[in-house]
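Chain lettering (A, B and C) follows the sequence in which the chains are written, and residue indices restart at 1 in each chain.
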């Protein structure tokens, strides 16, 4: 079946106007935003969207001096829907930028449409390892992090703690494989179990029974969105938090999970490239404005969505609004400077970021809310990824 | 160590099977007595889950919310039967497929329009911890409650079908509708009643499973197909068959999901094992059904 | 059911065909290639629905697993292209051959059952194939399989061109319809219709109804595979979702909507349903709600589907609707 389209307040596109009017792209920057906005993992897509639109709003409805025309659609967590949406934005609406996708499998289904249509995709989340390496393309920019990164940092943390045995769990899709590969790359202890669950699985009774039987020192899981919420709730319900220790990547321990699981999250350690308390000006403004506008604290997903908008803003401004020359635009995107909420930002040659990854702990803040607080020095500093050498781009 | 694993998995299988039974029993009665293919049965399960989530939030009490949601879903089911579904009994199966398929779309979107695509539902605080069944086996107390609820309802249904007059009508209607009508049973009211009970059972399953899975639009589609498999295995029109079939499917599915990947992981890579294991487990359920159909085409305990 | 007592006048077919040929050229001239692509997709679903109508409408066999053949056709071509075998003739031939083989096996077993059991067992087979394909991670698993190019048929045809692809699909569609119409007009077809009405009697007369049904099932499966091969070409992508039971359900809805047991019922059902979806999706998030009501109205008010509606209007003077 086909897909629903949510028209955002900022969108001007109509069927006939698109088809019959000649390309008047110079005074507008057209952006196609595809994300998971329904289902148990909707909170992630909603955060990216809200933060992206906040940046546009704070910029007076413009990006880089041009009016921002953002069309928002829901991929419903289905790769074929996502692919159809990409095709429509590239072929029918002829957008200047595509962005938004949360999950790697949906992004991988849609990316060929963008590449074939010579449309630049800026990823505010999914950034799988094949695209960092041999299958890199100039039309893909990861504004978030390489998929492996949080997990590499977590593996480093486990090594620092001298953990002897770890049980690993992730969904069976590209990002899941990347995650456990990343953890194992930096973890020097013994992996007592490596299990891949069905993507979208919500009942982990079987996996939890197996974990109980394996008696590991540490359990490390990569379960974003609704999957993580259910897993952690069931983990606690099965009493496993008494038997073993749970380490998480930032995906499984941010505000969306905290809101759903509650006080059981206190004391959990996780890893991420960003935190609410990063002390730069752009971040302070972002957190304050996001909370004022949406009455909730932003997650890493929101931070990534916000940064994506800032990047587009900087690149379009630097190109003086002339965004039809794709090659020049790509060159601009690779090197343009902008004030990212994570502090310093730069791209590697494969168009994936080089940045710090921190250890965070869930604590109570001054108002009694649970938040992630950055602990100590970065686990991995100025860290790129393991695949850049396979990418022929310079 | 493996003993505990097997025991825990057996309990999980029992829990899942009992919830499947709640869905399958309503379905088998509707199919057996009214001879109607109702694809929207899963949608009623979803409505029950959403109503529960909403009412629990409203009343701040889990059990009160569940009871109210079940009653409300029964009413909705009966209204649906009296208005629309009644006209479909005389039609052929194809028309029933089309109509109930359309109903799924309408109900799914109506829920989305009222509540959005998902609602949070948590298990009651008191049950969110484990119970130490054996040393080394701390089983989630909520799942034990589900098992208890499932068994109690199964018993009540059994008593109703075998001991009450309504149950006698139901059995008569299932085995020979024309004869039952000729004998003066008020078929219309019976049908509405049966449908209402089926809807209520769906709602109980939705309410119980909601905190474990996710209350989301479309949650009915996945479980509906398994319910159909159960009633085919058990025999259309037989509640006892639905019970046996559901427990069987529950065990095969759950045990398959853990034991097969474990077995595969000894022989193959973890990624292959993790993909092939659940696939083979799912296929096993359908294989089971195909075998039953071959050996005993009318199901294990035919109501007819 | 008098589907063959009523013959659509030849000039109507001619008009429709002329329109179908002119439309993409017109759209292309306005730079609206995206819509040409959309029409191709609708026609492919039309072929799939017509193939289902063979067994559902003409054969009276309610198969709830037809989408499996689409999947087999699609994955065969998809995997071959991924492995470097891009020749369209080879790919499509193997796809159809494999679909025929699987249909032969499934049919041989399922056709021994009747009624709701036939429905359930065809569903079971389809689900098994779905889970099987889902587990083959080498070709994407449930992430799906992207293919880098479309099938190459030589003859100077570049399938990447939306208009060219449209005409290829149209050609296949017309061929399929002609084939189906020839089959049903033949003696084989008449026996099939007799079997649909009363197969016990047909057996009594001396025709092995099981064998006729089996041949029909295989033909339908092969055409389904053909539709699947076109589908993967159109989307440059295939995922196990194509074989999910809800997809089989959608195909059934298309056939029933258009008119069960009519030659082009499946095609019209596909067109109406897909156009309705696309148009509604532009205006509202809750388009499925309106589609649901529309389908309900069709069941209650137009029991013979849309074709039945049209027929009732045209044969008021005589014959039967």
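Some observations on this one:
Basically, contacts are C-beta pairs under 8 Å (C-beta built on N, C-alpha and C of every residue); 3 or more make two chains touch, one makes a residue touch a chain.
Quick caveat, the model's predicted, so the values are computed rather than measured.
With centres computed as the average of Cα coordinates, no chain lies farther from chain C than A.
Of the two chain pairs examined here, A-C and A-B, it is A-B that is joined by more C-beta pairs in contact. Chain B and chain C have CA centres that are 32 Å apart.
Measuring from the averaged C-alpha position of chain A to that of chain C gives a distance of 39 Å. For the pair chain A and chain B, the distance between C-alpha centroids works out to 37 Å. Among the residues of chain A, those touching two or more other chains are numbered 172, 198. Chain C has residues 137, 141, 286, 288 in contact with two or more other chains. Looking at chain B, residues 112, 271, 275, 278 sit in touch with two or more other chains.
The touching residues of chain C, counted against chain B in their complex, run 56, 62, 109, 113, 115-117, 119-121, 123-125, 127-128, 131-132, 134-137, 141, 245-246, 249, 252-253, 256-257, 260, 286, 288-289, 291-296, 298-300, 303.
Here chain B touches chain C in the complex through residues 31, 37, 39, 84, 87, 91, 93-95, 97-99, 101-106, 108-110, 112-113, 221, 225, 228-229, 232, 236, 271-272, 275-276, 278-280, 282-283, 286-287, 289-290, 293-294, 297, going by the rule given at the top.
Put simply, chain A touches chain C in their complex at residues 1-6, 15, 19-20, 78-80, 83, 87-88, 91-92, 105, 108-109, 112, 172-174, 198-199. Across the complex, chain A meets chain B through its residues 38-40, 42, 172, 177, 194-198, 202-203, 205-207, 209-210, 212-213, 226, 230, 233-234, 236-240, 242, 260. Across the interface of their complex, chain A is touched by residues 30-35, 37, 137, 141-144, 146, 148, 235-237, 239, 241-242, 250, 274, 277-278, 281-282, 284-288 of chain C.
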